[in-house]
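Next come the structures, one after another.
Next come two complexes built around subunit A: one with subunit B, the other with subunit C.
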Partner chain A sequence: MYWKYTLFELKLLISNKKHLLIGLLLLLFFPLLFIQQTNETHITVKEQKEAEKEVVDSAIYQMEAIQDSSPEFQAMHENLLQQLSTLNMQIYYINENRELFIEEGYRLHDLRLEAHEQGNTGIPEDNIYPKEKVESDLDMLSYLDQHNLPIETNPNTTSQFLVTSVDMISGLLLLTIVLISGSEILTMERRHETVMSGIPITFFKKMIVKVKIHFLYIMTTLVLGLCIGGWLANNQVGFGSFQQPITIYQNGDMTIVPVSQYLTYMFLAIIVTTLLILILSVLLNLLFNNAFVNLIAGLGIFLIPMLLTPALEYVPFLRPFTYVDMSKVLSGELAETLNQPGLDYGYAMIWLTVLAVVTLIVIYINQKLNFYSLKQLFRIEAKN
Partner chain B sequence: MIRSLIKHEFKLTLTSKKNLLFASLLGILLIIYAFVLIDHDTHPESFDPEAKQFELNEIEAQQETRRQTGNTGIGGMSGPVHNNMAYYINTHQKQMRAFENDNFRRYTVHRLDYLTTSGRTEYVGGDLFMESPIPGKDQQHLYDKTLLRLQSYLNQDHTINYSMLTENTALQQLQKLLSNSFVYIIIFIFIFISSDALTRDKHHKTLLQGFPTSWYLMLNVKSFISYAYALLLTLGLIGLGLVLISSLYGFGHLDMQIPIKVNFEMLGIEHYEMISISELLLKSSILLIIITLIFNRLNMWLSLVSRNVGIVLFVSTFFLISEIIYSSRTTRELFGIELQYFPQTYFDVGQSITFEKNFLINVDNINFQQGITVLLITLFIIEILFFLTSKWITRQKFFQT
Partner chain C sequence: MIEIKDVTVSYKNHKVLDQLSLSAEKGEIIGLAAPNGTGKTTLFNVMANYVKPNQGSIVFNEEYTYKSEKDQLKIHKQLTTFPDQSDLFEELSGVDHIKLYKHMWKGQKKVKDITRELNMEGYVKNKVKTYSLGMRQRLCFAMMVAADSSIMLMDEVMNGLDISNVSLISQKLIEMKNEQKLIFVASHLLENLDLYADRVLFLKDGDIIHQHRPNQHEQTYLKIKATPETYHEIKQMIDLPEDHEYIAEHLLCLPFSNLPLNEQTYWMKQLLKFDEELSIGPLGTLEYYEKYYQI
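Let's turn to the complex of A and B:
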């Protein structure tokens, strides 16, 4: 019976034109994103190094205007001149010699660390290179050194493009797609109540089957779309390497992980978010029984806290709803704007799971109340 | 007969759960925007007296050292540093005093004086527009526009206040909404409301099938009602926004001037002209009316052909945002045809009226007249298509499946 019901639900899903459209959207999204990405400009390593050089340059210029002759000040001035020299050497070596570029990078790190140890005497506030960045730069450099990876990477290779893709799809876009997909998840039950309530399966089993079918459909089309996008990137630009480093925010500081691990993290997050939204759709369908209300109410629940992010310091109970934007959690941007240092991947995932469980409990209570039909009980009481 | 149809349709649209919920969501977003987001927005003209005082104190200390060491002359490369810094401190102290006394006319005079003499570096060469592929050009553009804007306040007799300078007054916020891609939200309201005007009858076959009016007329009544409802909703939301923002930041004046760049080949202050905010509002409402009509009729046509709300919403929204896919600062053609001939170029209403689009992609042919022509032709084509389709897919055919 269970299996037959699953097949029945599958048939319902396939015969709905809306799902065909969602599938098409997910399949088309990534190739279109690739076309859009090739039009974008990206900051190259050379431009980044030039920018760093300008900061040091302006610091030296400002220090020379002050003309202090104390030994600490002079030492710092000398240090900055050395930094400028290594930065220039790095710019020269970028496309010439990988080993020497990395060697100069280590030297630069030592100089910056030394400057921090001596207290940055005399360097203007804005021109100090942040200490956290010094450390994460070293991690990145030694990762590149150990894994024998090139310094410059094209942002449109398959591996990098997949990172952009999952960043793009997670968050509001995925939310909208899943909400549209789940907007009519219980419509059949309501419209043909006599047939559907005759099927000898409990409501919860039916719900599990529905969520499973929708989930599998979205995941299949999503993965297929990602494959098409990745294949296009491979054909047009190249495959890249899944060993490439990427910085994520974890346990209060920035950590380097390979792209493959980042993609796994994001994919797990997408799975949990999709399940959460589907369960929420079931609840909204139970309460309102309207496809559009499902979409708008669902969007409202997540969109309003997201827009309120700058003011969420004062409304902590709305915070968990913003965690669905997992790329911001991983980059540490959300932890910074919410001023919540403990907010990293694991924390956000636990909260999303908690939200899903809470929604399940609410559905359960709703069903139990319907079964006992409290309204009717009270009405009889009132009559007597 | 028609009157009762109109009444019936209007009641259906008005009491539709979907429309009410959508309207309340937009209302909530608007309130959040007015009370929270404007406050957290940073504007390059915003002024923080405490931070400025701190900066001035630091510079004053440096000046003291310069005087003690005798470095008050003209340096080889750096010029008359001591003199420049003395001017900097002087003008900013005046600005600060004017700011504290709420004398914003005086503040603007000194701010403008500083910006024209040595304040260019606050805009050009800084970290504004770092995401853009051509930051220098964008910075210069913003700098020129700011100079002209401040000067236009001084030329007029209205009282100047701080929210005018930081572009937070109600009218300036409306101008900002029209001039960036958020104007798509207004168009989307019309798409969303009219998306189910026809398809919702699929489940009430008997009700409308026997109605004694022609099929084309009935479609037109439905389209008109959804358009009127969306128009009322949009006007209501804009009115609410104006009231909310006015109460917080003031209303602004209808004859405020907006600089527009008329010559796309040259940079510099002399290549700009000014239009008033009322002219911008008038022109953009004309364009918006045509655009929303296009989407209303397109939705009716799509509903006739597909009979599915999802497809209608998806195709219309895709058409609305299609420009995002191919647009970049160097794209001037699509399939070998210049962008001025595509209707979606003009969906950014404010940008095409103020020639901002010309500035962004270095062309000189995207303007208001061209926009009206292209959009009217599009509307005409869709209208003909709709008429023919209504003859082909008759009432019987529509309700049969």
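Let's turn to the complex of A and C:
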């Protein structure tokens, strides 16, 4: 019976034009994103190194204008000259010799570290290369070295494009799509009340079927869309490598993980976020019984904390709602904005799960109250 | 099988049902006859727990009441309510709807047999949005047949049906009654109710004011059509028995079956003076309806 009911709900969902449009949007989104991405200009490693060189060059120029003859100042000037030389060598080796590029990279790291150890004496504040960046650059370089990976990667290869895609879809866009999909999760049944309300299935079983069907539909179209986008990227640019490094914020520090791990993290986050929003849609449907209000209320719950992010330092209970934007959690941007160093992937996932469980408990209590009259309960208590 | 105990439903100060009590057993068709807004649908909604009564309870099989979701589920496994045709899913086919009810209530009847018996084979695979009112109504009935539950609540079951389909559904209702189903039917086709209902209940002011048993005639009447003027004239000329009925200002009915033969002849002769058309028979649902609701 449960299976037959699931099939019926699936048929209803597929026959609904709104869901067909959502499916179509998800299928077309990634190929269109790929087309847009190929027209974007990306910073190459060479351009990045040129920019670093300019910063060092400017620091040297400013230091020479000061004319300080102290040994510390002179040592730092020498350090910067060597950094400049190393950067020039790196620029030269980028497309010539990968091993020498990496070797120069290690040398550059040592020089930068040494500069920090010597207190960056005389270097203008704006020109100091941050210590965290020095560490993460070394991690990245070691990773490329150990895994024998190319220095330069095209951001439009399948592996890199998938990273861009999941980053793009997570957060507000996914939230809106799921809220639109789930806006009628129960109200649709209420529009067909005399057909559906007597069906002998418990509310929770019905809810599980509905959430499951919506979830599977969104996930299937999302994955299909990603596959189409990935296939297009592979055809146009190449497959890339799922071993390519990517930096994430974890345990209060920046860590290097392969693209495959990053994508796994993001997929799990998308799954948890989708389930949370669908369960929330059930609750909002129960409370407001209106698809439009469901959408507005759902957007409000997540959008207001997102818009107020800088102020959330003082309103901690609203913070978990911003965790749905998992790309910002993984990049460490959210931890920095909220001034919450403990906010990493694991922490955010636990909170999203807690929110889903709390929503389920509220739905459960709401359903139980249908069979108990509070007035009667209070009367009985008063009599006792 | 089902017992309704002192059920009261009120909206603000208006009591739709007022301490209404009723019990019914399997193998019975109970008709509900009353004008719109007298509580027929509310009574069905209370029986299915779509509306919670302010007072009173519904007991199924002397065991289950709507006190928990678990009990509700047990009751709903035995009970189906007639779907409203406007609530059907336009994008789905008739077969989808019938299968839903068959699978949810684990009905034993085959979909093919149901559609054949209800003459739906020609359109049942098409989307509901292409159906006429009558087709939709037959689909709603087919869903009830497919569910095959032991208690069925059918509100306005004959709506939008032509004569041949009314006859078909009436026949089907009798068959279902013979399968020991308990069926409640609310209908405005009053004479049609007499064909299959074991009891017809008349609701007024939130309660049952009369139970008519069409197949158990305790009393037959001598009936004559009479305008108020004619009725007044008859009353002046003859001493009418006290228990006579003058229904809806057009039908005079005199108790007939319990009179001795000579008195029966007397009354027939007397009344023939006023109209050449006399009829003898029990009061039907239509006549009771006219009596209680003063049409």
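What we mean here is this: the second predicted complex is superposed on the first by the 366 of 384 C-alpha atoms of A that agree within 3 Å, B and C clash if a C-alpha of one lies under 4 Å from a C-alpha of the other, contacts with A are read in each partner's own complex, and residues count from 1 in each chain.
Just so we're on the same page, a residue touches a chain if its C-beta (ideal position, glycine included) is under 8 Å from a C-beta of that chain, and two chains touch if they have at least 3 such contacts.
Everything numeric here is computed off the predicted structure, so don't read it as measured data.
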item	value
Fit or clash - subunit C, subunit B, common subunit A	fit
Which of subunit B and subunit C A:Lys11 touches, first, second, both or neither	second
Partner chain(s) touched by A:Gly198 [first = subunit B, second = subunit C, both, neither]	second
Superposed arrangement, angle subtended at the Cα centre of subunit A by subunit B and subunit C, nearest 10 degrees	90
A:Phe292 touches, of subunit B and subunit C: first, second, both or neither?	first
Touching partner for A:Glu40 - first (subunit B), second (subunit C), both, neither	first
Which superposed partner A:Gln367 touches (first subunit B, second subunit C, both, neither)	second
Lowest inter-chain C-alpha distance for subunit C and subunit B in the superposed arrangement, angstrom	5
Common ground on subunit A, meaning residues reached by subunit C in one complex and by subunit B in the other	none
Complex contacts: residues of subunit C adjacent to subunit A	48, 50, 66-69, 72-73, 76-77, 79-84, 87-89, 91-92, 96-97, 99-100, 103-106, 143
Of subunit A, residues touching subunit C in the complex	1, 4-5, 8, 11-12, 15-16, 191-203, 367-368, 370-371
Parts of subunit A lying in touch with subunit B, wherever the complex brings them together	17-18, 21, 25, 32, 35-36, 39-41, 65-67, 180, 288, 290-293, 296-297, 299-300, 303-304, 307-308, 310-311
Complex interface listing, subunit B residues touching subunit A	17-18, 21-22, 25, 28-29, 32-33, 36-37, 40, 62, 65, 69, 71, 78, 81, 133, 196, 306, 308-311, 314, 324-328, 330-331
